[in-house]
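These are the structures, in structure tokens.
The following pair of complexes shares a single chain, subunit A, combined with subunit B in the former and subunit C in the latter.
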Partner chain A sequence: MLNPALIKEFKNIVGAENVFTDDADLLTYSYDAAVVKPVVPALVIRPTTSEALGRSVKVCGENGLPVTVRGAGTNLSGGTVPTAREGVVILTNGLKRILEINEADMYAVVQPGVVTAQFAAAAQAKGLFYPPDPGSQAVSTLGGNVAENAGGLRGLKYGVTSDYVMGLKFFDTNGEIVKTGAKTVKCATGYNLTGLLVGSEGTLGVFDEITLKLIPLPAHRKAMMAVFNQIIKASEAVAAIIAARIIPCTLEFMDNFTIRAVESYSRAGLPTDAAALLLIEVDGHPAMVEEDAVKVEEICRQQGAVDIRVAKDDAERDKVWAARRSALSALAKLKPTLVLEDATVPRSRIPEMVQAMQDIAAKYRLEIGTFGHAGDGNLHPTILTDKRNTEEWERVEAAIAAIFDKALAMGGTLSGEHGTGIAKSCFLEKETSPATIQYSRAVKAALDPRNILNPGKIIGG
Partner chain B sequence: MLNPALIKEFKNIVGAENVFTDDADLLTYSYDAAVVKPVVPALVIRPTTSEALGRSVKVCGENGLPVTVRGAGTNLSGGTVPTAREGVVILTNGLKRILEINEADMYAVVQPGVVTAQFAAAAQAKGLFYPPDPGSQAVSTLGGNVAENAGGLRGLKYGVTSDYVMGLKFFDTNGEIVKTGAKTVKCATGYNLTGLLVGSEGTLGVFDEITLKLIPLPAHRKAMMAVFNQIIKASEAVAAIIAARIIPCTLEFMDNFTIRAVESYSRAGLPTDAAALLLIEVDGHPAMVEEDAVKVEEICRQQGAVDIRVAKDDAERDKVWAARRSALSALAKLKPTLVLEDATVPRSRIPEMVQAMQDIAAKYRLEIGTFGHAGDGNLHPTILTDKRNTEEWERVEAAIAAIFDKALAMGGTLSGEHGTGIAKSCFLEKETSPATIQYSRAVKAALDPRNILNPGKIIGG
Partner chain C sequence: MSDMKALAHLMKELEDQLVVCMRCGMCQSVCPLYDQTGREADVARGKLALLDGLMHEMFKDPEGVYERLNKCLLCGSCAANCPSGVNVLEIFMKARAILTGYMDLPPAKKLVLRGMLAHPELFDRMAEWGARFQKVFTRPVNDVVGTSCARVISPLLGRRHFKNLAETPFHKMVPVLKTRPGKSGVRAAFYVGCLIDKIFPHIAQAVVDVLTYHEVGIVLPENQACCGIPAVSSGDMKTFRSLLEHNLNSFNPGEFDYLVTACATCTSTFKEVWPAMAEAAGNGDMGLLRRVERIAEKTMDINAFMVNIIGLAPPVRGVGGDTENPPEVITYHDPCHLKKALGVSVEPRAMIKANPRYQLKEMASSDWCCGMGGSFNLQYYGISSTIGRQKRDNIVATGCSSVATGCPACMLQIADALSRSGDRVAVRHPVEIYAEQLKRHEN
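For the complex of A and B:
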């Protein structure tokens, strides 16, 4: 329990109704979507103005209270799990105003608590497109997306969150405003602190305002499903599509295990006897969309697709994408513990990586469902287990390490889009070098000498 | 003159033939393309291997020697002007190997000294496209482009250098290797040090290897020139094209002063009686290109273009682009001193900014030629002067400050693509905040405590 004088101070800043100290409230914010040990915070606060947010950070800084900023807690690496030492969780769901959508200059300014899908819909209403679409977009927040550098289904063609952050205003560890980037499409002024802050998981500053790039909505799109009776053929089709220099906006993979889980959950009409599916969407100018769709279909057939189903309208398309987006929830119903990895490989290595997942599942005698953004080389092998079964859990941990080793051996990376958080910080040196860790720690120590901004994430410590 | 034992050590590392101490050599590397005071270095070295580069940095670090890494010295902000205190210039033109162009995964790995246009040509030979094309691409290096976050003519559609840097290996201030980013299209592992290093102007590390993203070559393109008899109509046409949600790959502006200088220099057949020109290129799928070209032409005519000339073939197109690229050289011939600014505004504000340039030229009685990347809001007002004329130079400095103030008042930025360097560091706080400067200085101090990596750039000091 925090010092009552401090609690009173927070009440003055954010209002008594926005300070939470009950056990039930505190417990609610002790965990996120990752499989890491929950930590109960000492206090949860919910600022509703920029000024209150800044003053809250300042008070935390002055009193050495660790701050964990939390959007929707959908991250999969433990980025929003609080710190044991009298942690303060700052909720951003009181800061959810879209401050500006500038149609002429195609940018928007938002507060961190704006929900991703709601923002994308607001942009779309003005004929503009915000492409990043993490699987959790219906609830995830833009602040969380920026903090984790969230990816999504359209990364292949449109990139990830970092490709859309033009500028930031954020509070430093003293609660002072730092301003970086611009509302212009080019900016080479000062250090690229915007670049540094994206993906920094709340460890280097607390976002106040985010300036996001928007682009014109694509004129046309076409979605299709390619059905395979061998998993390896589906993965080879992915590599063949990319090799043909076609860049679909989405190119998603699902293995049989995932198909069955998703179909049982969503009843979208997926072929449950398929060994694997590719869900493909092309978008852009209508003529290009038609040509690309024909080429994609040809390639899939050449690679052994037994069926190709083209969505006849948006409703059919939306149904399939909704099913795909339910994969995590669908799989999570099957077992008490779900570990969703996102080691990523150069996309031409997808067939090898799919094979490696099967080998690892067999070797460690585990159920691993694999789905994900095959076009990005970003698969999500999903291990279903029960953490209370310690013998099995040891095999799970060994399998995770094996997945990381495979990905790195193929020139890949530990995390495509889920971040490092607590879950992967101990693996960081494997991919980088001792000097990289030191360099990263030096940045953190300089910018947050009292170590109050989400301690323990990314670089441990 | 440096301590002879140190010179001997550098000769051991890079070879005697790659250590330069003659006055003529040292003088050659005392300046770059910016109008800032030249500083003669104590030593110039030219490593030809990655290992020699790393060892050179280490020796500089151990001996407190300031290191200024230099590609082609084409930057316009003083980023490659050495430091007075026994500065060592490290040339990268001995490190110019393209280490890999991966066609399947569409990336390349290069050494820092590779010339931009040569790299783009090598990618094109494999059917791949490296879009960033700074005006100086024929001689500029990729290391310099990354250090300065160089832009170019295609920024409007394709972005700038930072949009293509997937990963870096660089030497820290101790000569140790730091590794950041990946060869995958998504990477959320560790801090985004890649983002921080892009545009850091050699102050945070010395690039060893750069991993660059490539994309498929656009299938088709079409270039045209729109001729206007009023400058304001040309600038309004820019805003109208963007408002119509057309994204040309280039949308360049030239005023009459620039047109006449360029035509006299390049004999490309530009209309020297035009008040202003727009040079426009659209690219992509052939059907889209045709439609966009028709729309652009319509918009230009509606906005008062008196002539539209469509390039009939690549030769004609290339001739006009070569002329445009000669603008800096053409203007530089007219007077002893040329100051090329790049304050940038949200693109819808281009008409206001063009008007502001004219007002500033009149107020301060200066010749200002204006050209540049209008579609990005990134104009290059170019002041022709003679720095030895101190009375006029004071007016030039006042005009520059006025340009910055105007750009910031319109929600713009000090530099779109030329960097902060020495030339703009004193203006940085105007755009940001005191805390931003402190935050930036804290990063620098932590990563380079002896202040040996290109001291004095970006944040001064």
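For the complex of A and C:
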């Protein structure tokens, strides 16, 4: 429990109704979507204006209270699990205004609590496109997306959140406002602090306003499903498509385990005896799309696809993506606990990685469904388990370490899009070097000497 | 706690259901309450975490959990959208029963549930007195919506605009019915439900007219009791059990092929809540559970029954639907208990479309909860009416002259919202719209 004078001060800043002190309320901010141990914060506050957000951070800074900012709490790496030591959670879901959508210059300015899908819809209503579409977009916030550098199904062609952040206004550890970037397409003023802050998981500053780049909506698109009777052939087709210099906007992979789960869950008409599926969409100028679609089809056939179904209209296209989107749900229904991994490898190593996943499942006697963004090398091996089964849980942890080792050995990375948080901070050194950790800690110490901004995340400590 | 064994049993079952939640947070996108408050304790994930915390003794605040658990519309939007298939409503209802067992019911609820609802005849009589005296205390405010408000400031009614109790409840007009099936060859039992009986008897009449027209044999037993949802949602298993037995004794599944209702809430209670809660309510009485399951299997929403089992009569052109009399615009609100719980959304629309006097125009977010949530409306009228106001805005934006919905509770909430904004929009049930059309067949 924090001292009453401080609680009173917070109430003055954000209003009494936006300060939560009851045990029951505090408990509901002790977790996020990651499978990590919950930690109950000492206080939760919900500012509804920028000014209140800044003053809240300032008071925490002055009193050395650790701050964990929380958007929707959907991150998969424990980034919003607070700190035991007098941790304060600051909610951003009261800051949900889209401040500007500029059609002429194709950018938008938003508050951090705006929900991703709502923003994308608002942009689309003006004929503009905001491509990053994490699977959680119906609830995730733009602040959370920027802090995690979230990706999505369209990452292959359109990139991830960082490719759309033009500028930021954020509060430093003292609650002072820092401005980086611009509303111009180009900006070379000062340090690239935007680059530093994207993906910083709330450890270097608290976003107040985000300027996002928008692009024109693609005029045309075409989706198809390619069926393979060998996993290796599917993954080789991925490599061949990229090698042919075609960049589909989406190129997704599903293994047999996932196909069967999806089929029994949604009866989408998927071939349950297929070893693997590729779900592919090309978009852009109509003539180009038609040409690319034909080429992709050809390549898949050459690589041994046994069947290719091209969506004839929007309804069929929606069916293809509904099947992909239900992958997580379908797997989630099979076992109580689901560990969604995020290890990513260079695209040409996808066949090897898929094989490694099968070996790991066999070795640790676990059920692992693998699906994900094959086009950008970002697979989501999903381990099905029940965290109450301690013996099995030990095998799960060993399997996770093995997956990381494999990915790193192939020149890959621990996380393609889900961030480091606390779940992967202990593995970070494996991917980088002791000096990298030291360097990062030095940056953090310089910018946040009292270590109040989401302590313990990414670099531990 | 009356029965420790039942409690232990429930707890264990709850644990297996609770671990299914993977804390993904996807329920935030559909929860009408969270949409208003932004508080994690108001959305399914938070409530489930609280129950989990209580069970693992992470903290000891059953009152705090009870309060937050009760602040919920039980609309089931979260469950319908949950990727992990968490049976949210069942967990909430069982948890309410467990916690109520520990803490006992608040006295006011006890009075209403055990003193009145549990005794159908007494309930009927009190409603009749109410109907007789209500004119003294209320005055009409909107003749199109058909609402009244309190004449003097009343703590019970607040600023509500409500539908009055009908002068004659349906059970007085038609106490009992037993007709033979004609060419349909189908026999249907008709469960009326409290709100339809006491506030909207003309809907019950429309059901009887529709069934009669299609030559469906009707079994309408007398002295019907409440379906029990107010008791279950208050965690009052004692009252629930007595209502369950009363209903099981009135409806003999051997006498009918289907049991129909025109109330989304009653249908979902029969079909889902009864089987889920019967075992607990009956202290493991498997005989009771089997009887409940037989009824649950036969229960159907009237719209679904008409469209999928009987088949609708083709539209007859008459008044409206032609160039001289352009059709009236009508819109449809999906009750949570119909669409999210039972997956019925096409059928009520088909009933409306069968009447050419109306032109169906969809509103935005037709399946977003109206904010009623039974006793939620009494306890949290402020939030409830803000949610209702959004529904009203979406209804009015269609430019309709009436709105239809398949649940009398939604009808009350929507009537309040429309009436308070002074809108002249009638609130109807799809079965009324269809029945109106059949009259034209007969003429």
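As a convention for this text, the second predicted complex is superposed on the first by the 454 of 461 C-alpha atoms of A that agree within 3 Å, B and C clash if a C-alpha of one lies under 4 Å from a C-alpha of the other, contacts with A are read in each partner's own complex, and residues count from 1 in each chain.
As a working rule, a contact is a pair of C-beta atoms (placed from the backbone, for glycine too) under 8 Å apart; a residue touches a chain by one contact, two chains touch by 3 or more.
Just so we're clear, the structure is a prediction, and the values are computed from it rather than from any experiment.
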### Query
Who does A:Pro336 touch here: subunit B (first), subunit C (second), both, or neither?
second
### Task
Please indicate which partner A:Ser200 is in contact with in the superposed arrangement: first for subunit B, second for subunit C, both, or neither.
first
### Message
Under the stated touch criterion, which partner chain does A:Ala239 make contact with: subunit B (first), subunit C (second), both, or neither?
### Response
first
#### Entry: Touched partner set for A:Tyr31, first subunit B, second subunit C, both or neither
second
### Message
With both complexes superposed on chain A, which partner does A:Ala442 reach: first (subunit B), second (subunit C), both or neither?
### Response
first
### Query
Once the shared chain is lined up, is A:Glu51 touching subunit B (first), subunit C (second), both, or neither of them?
neither
### Message
After the superposition on A, what does A:Gly94 contact: first (subunit B), second (subunit C), both or neither?
### Response
second
### Query
Hey, is it subunit B or subunit C that touches more of subunit A?
B
### Query
Which subunit A residues come up in both lists, the one for subunit B and the one for subunit C?
none
### Message
Which residues of subunit B touch subunit A once you look at their complex with the stated criterion?
### Response
102, 104-107, 127, 148-149, 151, 155-156, 159-160, 162-163, 172, 174, 176-180, 182-196, 198-200, 215-216, 239, 242-243, 245, 247, 284-288, 291, 342, 344-348, 373, 376-378, 411-420, 424, 428, 431-436, 438-440, 442-443, 445-447, 458-459
## Note on the structure
In their shared complex, subunit A is touched by residues of subunit C numbered 19-20, 22-26, 28-29, 38-41, 45-46, 49-50, 53, 58-59, 61, 64-65, 67-68, 83-85
### Summary
Residue positions on subunit A within touch of subunit C in the complex are 20, 22-25, 27-33, 38, 40, 46, 72-74, 91, 93-94, 115, 117, 136, 138-139, 326, 328-329, 332-333, 336-338, 386-388
